[in-house]
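We call the chains A, B, C, D and E, going by the order they appear; numbering starts again at 1 in every chain.
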Amino acid sequence: MSDNVYIPKLSKIFEIKEEVTGARAIKTFRTQFVENNGFSHKCGQCAMLSVFGKGESMISISSTPLVKDYLQFSILKTGRVTSALHEMQEGDVIGVRGPYGNNFPLEKWKGKNLIFIGGGIGLAPIWSVLQTALAKKADYGKLSLFYGSRTSQDIVYKEDLKELKNDITVHLSIDQKEKEWEEYVGFVPLNVLDKKPSPKNAVAITCGPPIMIKFVIQNLEALGFKDDQIYTTVENKMKCGIGKCGRCNIGMHYVCKDGPVYSWAELKKLPQEY
Amino acid sequence: MAEEFEPKIVAFLCKWCSSAGSDLAGVSRMQYPPNVVPITVMCSGSVSPLYILSAFNKGADGVLVSGCHPGDCHYIKGNYYARRRIALVKELMEYIGLEPDRFQMSWVSAAEGIKYTKIIKDFVNILKPLGPQTNLRRSQ
Amino acid sequence: MKKRTGVFVCHCGINIAGTVDVKKVADKLGKHKAVAHSEDYVYMCSDPGQNLITNAIKEHKLDSIVVSCCSPTLHEKTFQNAAKAGGINEFQSEIANIREQCSWVHKDKEKATIKAEKITRSAVERVNKNESLEPISFPVTRRAMVIGAGIAGIQAALDMANTGYEVVLVEKNPSIGGHMIQLSETFPTLDCSQCILSPKMVEVSKHENIKLLTYSEVQEISGYVGNFNVKIKKNPTFVDPDKCTLCDECTKVCPVLTSDEFDLGLTGRRAIYMPFPQAIPATYTLDDKHCPGLLPIACGKCADVCDPGAIDYDMKPEIIEEEVGAIVIATGFDLYEKEEMGEYGSGKYPDVLDGLQFERLCSASGPTQGEVLRPSDHKVPKEVVFIQCSGSRDPEQHCAYCSKICCMYTAKHAMLYKHHVPDGQAYIFYIDIRSGGKGYEEFVQRAVEEDGVVYLRGKVSKIFEYNGKIRVWGVDTLAGKDIEIDADMVVLAQAMRPSKDADKLAKLLKISIDKDGFLQEAHPKLRPVESVTAGMFLAGAAQAPKDIPEAVAQASGAAAKALAILSQENLFHSPQVAKSIPNLCTGCGMCVDVCPYDALSLKNGKVEVNEVLCEGCGTCSATCLRAAIEVKNITPYQIYEMINASLGG
Amino acid sequence: MVNLDDLKKEALNLLKDEKVKYIIGYTEGSNGTSAAPAFIKNPEDTDKLVWNPGCFHNLTRFLRDEKKRKAREKHPDERPVGIVVKGCDSRAINVLLQEKYIKRDDVFILGVSCESTGVIDEKKVAKKLKGKKAQKIEWDTNRNLVVTTEDGTTKIPADEVLAERCVECPVHSPVVYDIFFGDKIKRTTDAQFKSVEKIENLSQKEKWDFWKKQFDKCIRCYACRSVCPMCYCDECVVDTISFAVTADTTAEEKAQRIKWIEKSPTPSETFIYHIIRAIHLAGRCIDCGECERVCPLDIPIRFLNKKLEKEAKSLFDYEVGFDPDQLSLVSSFKDEDPEDFIR
Amino acid sequence: MEKILTKKSFPNWIAKLATVQIYAPVVKDDLWSYEVVDAAGITTEYTNAIQSPKKIIFPQRELFLEFSHNDNGSPEIRELLPEDKESIIFGIRPCDAKGVSHMDKVFGGDFEDSYYWKRRNQVTLVGVGCNTPPSPNCFCTSVDGSPFSHEGLDVLLTDMGDNYYVQTFTKKGDKLVNMSKGLFAAPKPKEKADLESLHKDAETKLPRHLKDTKKIPPKLKGLFDSEIWDDESMSCIRCGICTYLCPTCHCFDISDEITSHSPLEGKRVRTWDNCQFPDFTMHSSGHNPRPDKASRLRQRIMHKFQYFVEIYNNYQCVGCGRCISKCPVGIDIIQVLEKVRDHV
């Protein structure tokens, strides 16, 4: 069944971490293929995860391609499949097919300052590229991260972020005031405006809820970033992952195949159907 | 020798009469075939046609809905609504060519252990010669 | 969220384990994805069994349990408590009935085991989607209402008022007292009915906790147990009782004469009248149906003679709203109309009386001051025929039921007649004599032995006027011969019927009535004083024919039940009630139509559930075409999963 | 006879006087026999209105769109929508009123009488025309369909081309309206359930074979559901995903959405879809026959609804769409409802 | 190659072909549909089938894989490919065949669709050209097609009266002719000339026309936010007829169908889906990029006449007219496109 693109490869969940609990629960899963195969992904790509009996869901791969022995997915519980994933336990087997989509042009960014701007679960796709860039720190200029969530409880990768602060500048934010929160309070776009990252020799990569992306881009533009200095990801409902089932298209682009990574310059040319 | 066909029956029993009636059959140690799996619902009036169709869809060979006798409903009138709704379902199923015997409704009071036993026995006997229900069963 | 369910399979000695391989059931279920722990035990309901569950909950961090055992009617509560003891919500416990519905009814161990697995799996699926719920608590309006102020209503009102709770007593007639105040003497002691009732009536009128609303009728009711809102229409009496001095001048000038209800037409009364001398409230009432005209004032004589100016023609009906927590309904009875009895002359003959009329004739305060005289010619009747079961026990033509008290009061009537007319002869036609009750049988014997009443077993086929007498044709079935008696008077022991308009009231109160129109008790044996609607209780002959002691006993019972509500600050209600899903609801209102408890209503085009009224029957959910309403913890999704589990391998 | 000019004039006045938001009516279709729904906003467009034997669409279906549109508007225009209805369609209005889906003030009803005819069955007409294309169709006064083709005109007796629903129709003219067009002709049918009886008389196996053959054709395009004025639910119970989702809908609620049937056009799923559809329309279907007309595979879906209409009448003495105040079929009962099927 | 087959010999040829499964149009209750037939059931005289033969190569329901839980509750899966079975679609109309060639593009490319190609590779398409238009709404010539287009076909038959003019375009097609070499004769020049004029003549008979189709794709680019879509979609009832009957629409859904819950057993299946259903693009959050009828009609038109053109340089419409004939409310794609074309 090797070359059938629709057949997922069985994959064992060997580690589950509860990132966020409650109504907007997020869990991070690490999976290993039951049988070795040539799966190899690039930063920003996604994979189609299967819970048999429930269906499939497209999830971005949050581990860096440099790590070869597992894949990491951080999943927000939203519907049938993600709920089923959240019910999984370590040792359970799911299906994985992919990788799908384009990727962040890390090669092109060499020598530049990278500003990552994430909100909520949007840190997951950023994480892959951030970790990769960090591993090859010498290739890039200054790395920095803006990350915000609704409350301090909703922050993902809490410990990793703490560690990350040793390596790069991290600007955290939450939407509303909380006790014992010493960092920025307010929406991510405002935090960006507040810290005024310089557009000079820089690329901004932003992922998160559509409304956040909209304002982040507005504010980046205000700070002088050009359209081709801003990258983001787009999400649409997907079923096949390979540009055939016909629902994720934005104009002639199939997000699953031609996306999810777009520079603002490219995205601007497409109709607003996402 | 091929094993005898054992029909699978789902029985929606109202909590106050029919489930109690089947309890009485148990207390009285009456014997009936184990083909029926009871699902106790609050009232026969709460049995949606979807439940019946879903049971057939998932492989039931027969479905029984049983409630309190008219006038005895714990909830005053739920069984009257059930009666009307299920009459329509039954008419339609027959009209569409499904074997009408596969779907039954009964009134079983809490005192009617004997009646419950008889209903199940008869139901199994009716279903056996009909063989497996395939018309509405999700299979391939 | 996925649960960690514990499955506990009970052997019930060999009751289950004899037919079901309980270990296998526990093993199989142990493999279910949601089951974190499973085990079997010989008696789960025993103390060690319950402890085992409680400990397992703690040890395995269970958040829900399924106990496969006997019928939930037996031990549902037991295991809910075990769950609570283990620190989880009681609604996270489900019973899989593998005894009554499995092990006891099957012999084939293999098949019974498979069935037990399915039943248990189905319960696991259900508990997996159970919500943790807390009983719904709501405050109680700590006062009561009694509807009907006959002996039952009076008794219930006094019982409750005496414990310190306020009672609103509503009576549709101008005076309280009901039928009992019309009686002359009561069986079997022959004590004077008015003498024993009047003090109670007075007590009602004087009681600081009783708010008396006579000449009043319930118009509308809303709310639910603990919190009823009742709208009562108080009809105008046109007489201010505070000003009235009871001088009786008004009746003297009133030009209208109409038949007197209290004396059942044996006498007349004026349009302005006092129902009877002991009436409570002691005041006059102007009957606007018979008064020649209030608007415009056509007569006005009564007001002219009323010195204190108590008569007010402008009085209007008044709507009074009362908040109460419990309601006792004691609307009593009426006699089956003589007019219905074609075989007995359809009420044509003035000397054919019904039981109550005869009571009035015997009463010292009655139309004849206690002398038994024929209404037609005021002569003393020398031969009187009493006919029992007139209208009762006759399913073909009249009432199917036995009116219960007629045997006794007919014996009493015959006895009283003999006491008034010692040389007269009393005949009683009877089918059976039913004299169960303390001193009752002896009473009947006394009538025969001491007063020489002639009991004739048989039915009367016809009565008709003949030569100024009333000829009675009957059969004595014991002697096997036809009987013909030319009587001076015939007294019919008419059947008891629910009082007129009781059905309308029942509809208003949303309580059910039985096939004969009597109010339906919640359970014929175990809940005889409760109605099917929580917070409403039944007393007296409104529920079924009964005599005075029974009516009083039931009234006290109903009062006690009502007090059980009033004595609490808060009531609790099962939280397993309907829940609407507003974004699916289109507001068609079909669920509202089918709800037997009026728990649903439409607000802004969406259904809303009154959780206190909802009993969780789920008829709404099956009626809804859009799955926009469901009952908590037995949702369509749960049923769907249970169907799947029931049909699994 | 319905005077089209009257209809146009009334429509014009309604729009000119701004009494209605717009008018849902019929206009010329592109294929000669069928009219097409028209949404007329401008007074000058009222001239496009038509009334002919090809006006089979039940326009009340579009009240659903109107309701949704209105719900989205911040400051909705509260004026009614003008709507052209036939007898059957008017009963749909009554059912929508009964189910409180619309208010009487939401619609200004232009009721047109079908008088002694009704609407055509396009397939029957096409057969008669043997491939010729109709340019114009109309009824004459003698119950004939007058068809104009490039070869001239032909007359076809109404009974040969009337849609079956019209043959079995008990009303023929609107039962609720604001303005009535045409003549109120009292007409009864002795064959209200003839199509149903045909199937009822089959043996059980023949019935199954009949329906199996029909449903095997089903491609689950859901046109039958989409065209039905009663299938106005935001979310159909047989849909596999929920789209009545709000920001407050939890993941659990979405995950617990029951998949009663699958999308696959396999016999079990297709049968259950059609059974549920019929059951959900019991006591609600007013037999406009649109489900059957629109079915691209000619599945006689109407026979299902008609069966339940028949049973509602014979078992429960229930008739649909005449009284907006009556209780629904399944939200009411009578003590004497039949129960001979119950043990 | 080009050959002549007499009508007399036609049954003999068909009998030869019938060694493999043949799908051909058959009429049931007045509806033409492509079904498995035996040799005797084949005709070349038929109007357009309600459904194009796309359902044979791209069935409405395709089994992808089978899944089950083993005793430990772990999933096991098994690929389910279409069976090995050669077949012929006999009598496919040139427009429908062109539709298949469009689908080939979609299901090919970077990710080859195993299921599609397994079926596609095993089927030979034998077309019958349209001397007279098989539907009153044919407009193939307006979308770069013709009644005798051979795009996608292996063989094309033209009815010449007493004979069939047989053209083959692929090896698969050659094979069919070579199976019964003796039945075929080489065409004479006159026959060649007749064929040409017949083809030309047929093109003039088209009942419907859309002029200046080329202007449409560039025009559409500027019409994304146009009110055209609102106006034209007013009467749309959001059913799936236009897309399900379309020989080029290929959208699908993938879902898991459970046949047993305990132990878990089921199949992952592909079913047709379509862009006119409201849930098609809805995110699980409830957000829908195409929330209304207007945006869905726009997607249908733009996909066919802009996006597809941009990707594959073809209209994704073959002019079969099915969507026009069967639209319950008379939405006419030609009229819509004319409005687009003439929009100012």
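By definition in this document, contacts are C-beta pairs under 8 Å (C-beta built on N, C-alpha and C of every residue); 3 or more make two chains touch, one makes a residue touch a chain.
These numbers come from a predicted model, not from an experiment.
In summary, the chains found to touch both chain B and chain C are D, E. Chains that touch both chain B and chain E: C, D. Of all chains, A has its CA centroid at the greatest distance from the CA centroid of chain B. Look at where the CA atoms of chain A average out and do the same for chain B: the two points lie 52 Å apart. The distance from the centre of chain A to the centre of chain E, each centre being the mean of the chain's C-alpha atoms, comes to 39 Å. A straight line joining the Cα centres of chain C and chain D is 50 Å long. Averaged Cα coordinates give chain C a centre that lies 73 Å from the centre of chain E. The residues of chain A that reach two or more other chains are 78-80, 82, 86, listed in rising order. Residues of chain E in contact with two or more other chains: 253, 255, 257-258, 260-261, 273, 282, 284-285. Multi-chain contact residues of chain C (touching two or more other chains) are listed as 1, 33, 594, 623, 636, 640, 644, 647. Across the complex, chain E is touched by residues 29-31, 34-39, 57, 61-62, 65, 123, 127, 133, 217, 219-223, 225-227, 239-241, 243, 245-247, 249, 254, 262-266, 290, 293-294, 296-298 of chain D. Looking at the complex, you find that chain B touches chain C at residues 8, 10, 19-20, 22-27, 29-34, 37-43, 45-51, 54-55, 58-60, 74-78, 81-82, 85, 117. Residues 63, 257-261, 267 of chain E touch chain B in their complex. Residues of chain D touching chain C in their complex: 99-101, 232-235, 237, 244-246, 249, 252-253, 256, 258, 260, 280, 327-328, 330-332. Against chain D, the residues of chain C that register as touching in their complex are 1, 129, 581, 583-584, 586-591, 593-594, 602, 605, 623, 625-627, 635-637, 640.
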